[in-house]
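You will see chain A twice below: alongside chain B first, and alongside chain C after that.
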Partner chain A sequence: MTTTDTMPKAKSRLWTPENKPVVIASGCIVVILAIGTAYTLATQGTATLLSPGYMLQQLQVGSFLGIVAAGMMLVILLGHIDLSVPWTVAASAMMATAFGGAAALPVGLSVGLAVGLVNGLGVAYLRIPSMIFTLGVNAVMRGLMVAYTGGFAPQTAATPLMQYLAVGKILGIPVALFVWAAVSVLVVFILRKTPVGRYIFAIGNRESAAYLAGAPTRWVIVFAFGLCGMMAGLSGTLLAGYSTKAYQGMGDAYLLPAIAAVVIGGTHILGGRGRYLGTLVGVILIVLLNSVLSIMQMPEAGRQVIYGSVIILMLLFYDRGRQERQ
Partner chain B sequence: MTPDGQTDRGLKTAPSAHMSLTGITKRYGGVTALENVNFSCDLGSIHAVLGENGAGKSTLIKIMSGVVTPDEGRMMLDGREVTFSGPSAANDAGIVCIFQELSLMPDLSVADNIMIADPPRRFGLIDKRAQKRRAEELLARIGCEDVNPLNRVRDLPLSRRQMVEIAKALAKDPTVLILDEATSALTSSDVDRVFEILRKLRDDGISILSISHRMHEIEAVADMCSVFRNGHNVETFRQGTRSAEEIVQMMIGREISAHFPPKPDKDLATQGAAPPVLQVRNFAWENVLQGIDLSVRKGEIVGLGGLDGQGQKELLLGLFGVLKSTSGTIEINGKPVSIRSPIDAKRAGVDIALVPEDRKTEGLMLPMSISDNLSIASLSRMSNGIMLDQNALESSVAEAVRRMQIKIGNKSDAVSTLSGGNQQKVVIAKWLMTDPKIILLNDPTRGIDVGTKQEIYLLLRELAKEGAAIVLYSTDYEELIGCCDRVAVMYDGQIVRELAGSEITERNIISSALNIEEAAQ
Partner chain C sequence: MSHTRKSDLSIILRQSAPLITVIAIFLLFYIFYNSNHPRGFSTAVYIQNANEVFALVMVAMAQTVPVLMGGLDLSVGAVMTLVNTLASHLLNGSPLEIVFGFIVCLLTGALCGFVNGCVVVYGRIQPIIATLATGAIFMGLALFLRPTPGGDVDGDLAWVMTNDLYEIAATYGFFDNGEAAWFQPVAWLPVPALLLVVVALFVWMPFSRSVTGRTVYAIGSGESAAYMSGLPIDRAKIAAFTLGGFFAGVGGIYLTLQTSSGNADIPQAGAYTLNSIAAVVIGGTSLLGGVGTAIGSIFGALVLRTISFNFRIFDIDPLLQPLFEGVVLLGAVSIGALSVLRIKNTLELFR
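This part shows the complex of A and B:
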């Protein structure tokens, strides 16, 4: 009796259009874990994937992506995109290691912030579409870094603080996870508790209406891009700490997964709609998918195909839901 | 009639009922948009559907044109039951809808637009010549031979675009043509032309269904009328058998005493000593506005009149800081101010609000919640610099909903779920939450039902009494006459005449709008 009464209720509460992407993505994570565990049980006789140590290690790797995705989400919510992430990550890492010492972390963040502000100013004031402008900025940053390093990996090493933040542990939990958590709290706070957060959603839905309501639309765009750049800078600095040095192309693997994580998490690619929880789940999904595929010793080519297909399939599911609602 | 009705399917059921709906019910979440509605339209007649916004008219035509499926009920077309999986299925069955917002693509040619759904093909490619020929035929059918099918739609005036829209609908060979406020953007001479076309199409045997808020247009063109209220078809009757008062009565379901709230006594108008709150001197912008002088006193409603497109809209936007490089001076309470963006206009000491022309693209973020839309203009007042004060926000949203009597289910519902009139109330309420001293309104009652119009008139007068200075642009002369203490009539970017008190008559407004005195001098 009671179960029949409460079950549909619980289901309908969980199955709101808002929750749907999060629920689907979470389900996907369970499936990926199940398949991976079945594989390891069959081949090695152990459930490696489910051990806490392995999980924490994956989350540690995922935190670099998670930090980039957090910033990317703000920009996507505006209806824009930041394609300058790869070389923002690399430039921050290179500058941070080049300066070294106590200045390393602030310099890494500042480089990211500066690139982000340039993006924001270009999009908000010059009115250049973000897809073009940030792509251009990415190329410029790449050129600058190649000129600076001569095309080789810089010889400088990451500072101890950078290494600690990336690979250190507190009570057995990687410090990088705490950094990711702090970034997450900041983004959730901005989106839910501040006027800026409301303006971000408003601009993503209808910029003209937000502008005519007296919202500081340009300022908000610059802010979001600046924060996104700074997150990329933070991630780059940590990444340099993780691999103890900076190198060419170190950010290349972060652009598409970051966008994918945000979109898989249910944020509308044209802006205006989305929840941070979804982005979080999206990041975890992508990291686990990658790791399971590598455990299964899937060749790189096959990995790319599966990776891409999963993203497309999930988005298909979401869009089907949208049509049903209309 | 043959016994089996083989020869004339249209006459098989009730006398010439071409399309009929029986027991139609449609719910959106907790809101019932239509409840057990019976409706039918006849072959070769023009059927007007009236009702306040939210009465269920839009849902009715969405069901008929396959945009939404009803929860209950049956639809019959030519005596056979039909269900539509989507708008294209309805099109195939001969039901074509012209929606309120123009659906033309501005950068494509007229011919491209007309034939967009099914362009003539040759070897699988679009046959441009056949397409042009077909477009010419269709344009000729509605008396628009002068429109070149190869012109871009962007280059056509609004009235011509509406004609193209009709031609586009005809390209689908409709037997039922539905118009959703298709005339609301047209001037009266263009409206006459559209009516002529509608009558011609009716005589060709097309059933026409027209939704409109303009009573005299319905009187001019309709054969049958149906009045909707709260999701019910209140009554269907032959046009001319009910008076306008009776129809209005049916629509609102309550007695309306006066159309407009009373104006204050003359003493306010003659109270020339009171300094103006808003004083505009020699205001100009590009070629559109020239030498505008305008003053508005506290407690006064000043109307902007004239034909559409004489610079009224630009004047309001200019005062609100939206236009770049305007010249002239704006003084608020005697102090010159510089207003270069809506943020400046909203600043304390300036306190201007603007209710923009198009609520769907300029006034609201449609997918966002009612509460978010209401609070968007006053977020800075409800935060301590960084964080929002949720309590203050909630209580002021509740206060706004109460004051404007906005009919809502839940304030976290998307604002797009509200009817047009309630959406407009949200736009106005959003600005009232900023405590404006000067309120600019750009045609705030366009496309809104009678009842909500009344409420807006009352509200404006109430706000004026509380000390606001109001500038109201309206395309409806009756509204200017009924609401305004003064009317500034614009012509070609200038204020050609200011009317006050008893001078505000339709005759004076129209003659000034056409700049007749000016020509005589």
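This part shows the complex of A and C:
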């Protein structure tokens, strides 16, 4: 903190290394909005992007990604990663619609939690690198679901509650946004106010030190993975409500954007550093980027190139990681 | 003297235990497959299998190099796909044009890897996230080249490259159209299997023995130690990614010859990337870096594919295949990890 004292006061509050990614990402959002609005003004003569209705609709779609990213952030802060998200999302959605009725939501969440706990146990107790273990769990979940559904989209439909949570509105604001907000509050609370949150950062910085300091490292890892799985399950259940049914590959579009959102938000991919506000801004950035590209009717090829370039360019501007060799 | 030699041998054996294990597993599965195949141990089966494994083997080798460094390359599938779509435009016309096409395709693969390396070294972005982003860019370029699947590949070339040596001679009229007596003992060898040996012997082996190659291992074992020893860290990192891109490019070219088309298929690229990681792990390379070889990854990829071959033979419900493959993958990595349960000092768990 002593270094920032010499800078002008207003600037020092904004330009701490911790804030930098959030500020840059927010600036990027403004640029994306400006480009998109300029485009719609030129072609349609309206500022579609800036209308509250359109914004809320985009955020509603983005809330599914936001919930996945919230869970992913916990795991990335540990220095691990969860690659089982795609089929955790799909399996939760399929099981939730299959059970239906009042059990749908609890079943969806439990499936996610169960997958997350398996991930956590494998990583914490067998010490298998999370990258490969969650990959294997993803393959097993895919296998289970293909065997269960016969390779087709299941015929069962989402329950009214699931549909309400995904597409319903309270006072004109989508319910999904409230769910996302609740998840966000929960994650911020865990990270800031509970010992588990401090342990997560400690493990991400140096696991052996956290262990020697008496942190129950294995238990914390299982907890974080369990929560990450449960959030993927929640997202899958909502997604099934949004599209009224579950289908194969419904979670495929959530893995890489979730990781990208977390990293764009300034969380270090090797763990130990990051804040939730950044992840929130990262999700909004990715959602808006996607929606501007669809408005411009950008072909898939251009989308991929822009998507990749934005991630690289933003990371180049960040505090580019302390040199690992010291 | 004899005592020293004996201990040398035991060290070599201990160091190559994972490699020997994976080769043994492969031979077990493959012999089992052939003895249950109606036309087992025949050239036709070898050719078919060699064609099915080649692209994955190349991508697995491509993945090995960054993993040895303690990194990960999530763009190998995308590089393979990009070169696949490029080759589907270039591999036709006069022999000179085809040779030119081959060179351009190989250079493109290496260039993609070089870009990855530069982003990692000079951009100081973690390999996993850097290659995630560049992978998206390569995939976008592949989609520009082939918005829809298709392509125009020289028919003779595609035929001979995916067959045995006899067909090369017969098609281009060498060695009395392949009937020469001295040629018969080797005529049955599948071309892709030979290509694989050539790549392993003349690209991987020299690299792994060079200073740059040893530096890649040293970086994976301990980057600060490698830096303190004055090893060329930046050069080795860029070289590792470039070599990975080259291998992925070879896989992409082969996929083009095998399918006679280019296809910018995003799920397929993702599947290749994920299978490449699995093959590397099964092949005995540590994801933490510093330990393993690309040769192990070759057999890791072969094991993965041979398991699927066996499913075909035993007529297992296709719907159960993904489940079996997942369980095998998960089981393989878990068995390797069981040794941690015997560790007495918990601190040894944290590297």
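Operating definition for what follows: the second predicted complex is superposed on the first by the 310 of 326 C-alpha atoms of A that agree within 3 Å, B and C clash if a C-alpha of one lies under 4 Å from a C-alpha of the other, contacts with A are read in each partner's own complex, and residues count from 1 in each chain.
Note that in this section a contact is a pair of C-beta atoms (placed from the backbone, for glycine too) under 8 Å apart; a residue touches a chain by one contact, two chains touch by 3 or more.
Just so we're clear, the structure is a prediction, and the values are computed from it rather than from any experiment.
Contacts of A:Tyr211 after superposition: both chain B and chain C are touched.
Look at A:Leu144: by the touch rule set out above, it reaches chain C but stays clear of chain B. In the overlay built on the shared chain, the residue A:Leu316 is in contact with chain C alone; chain B does not reach it. In the superposed model, A:Met298 makes contact with neither chain B nor chain C. When the shared chain is aligned, chain B comes close enough to touch A:Pro195, but chain C does not. Once the two complexes are overlaid on the shared chain, A:Gly136 sits against chain C while remaining clear of chain B. Ranking chain B and chain C by residues of chain A touched puts C first. Legend: residue contacts after superposition of the two complexes on their common chain; A:Val61 is shown touching neither chain B nor chain C.
By the touch criterion defined above, A:Leu161 reaches neither chain B nor chain C.
Counting contacts by the rule stated earlier, residues 208, 211-212 of chain A appear in both its interface with chain B and its interface with chain C.
The touching residues of chain A, when paired with chain B in their complex, are 193-195, 198-199, 201-202, 205-206, 208-216, 272-273. By the touch criterion given at the top, residues 81, 83, 122, 125-129, 131-133, 135-144, 146-147, 150-151, 207-208, 211-212, 249, 252, 256, 259-260, 263, 269-270, 299-309, 311-312, 315-316, 320-321, 323-326 of chain A touch chain C in their complex. Taken in their complex, chain C has these residues touching chain A: 72, 119, 123-126, 128-130, 132-137, 139-144, 147, 223-224, 227, 233, 264, 267, 270, 274, 277-278, 281, 287-288, 319-327, 329-330, 333-334, 336-338, 340-341, 346-347, 349-350. By the touch criterion given at the top, residues 320, 322, 341-343, 345-346, 354, 356, 361-368, 372, 375-377, 379-380, 382-383, 386-388, 430, 434 of chain B touch chain A in their complex.
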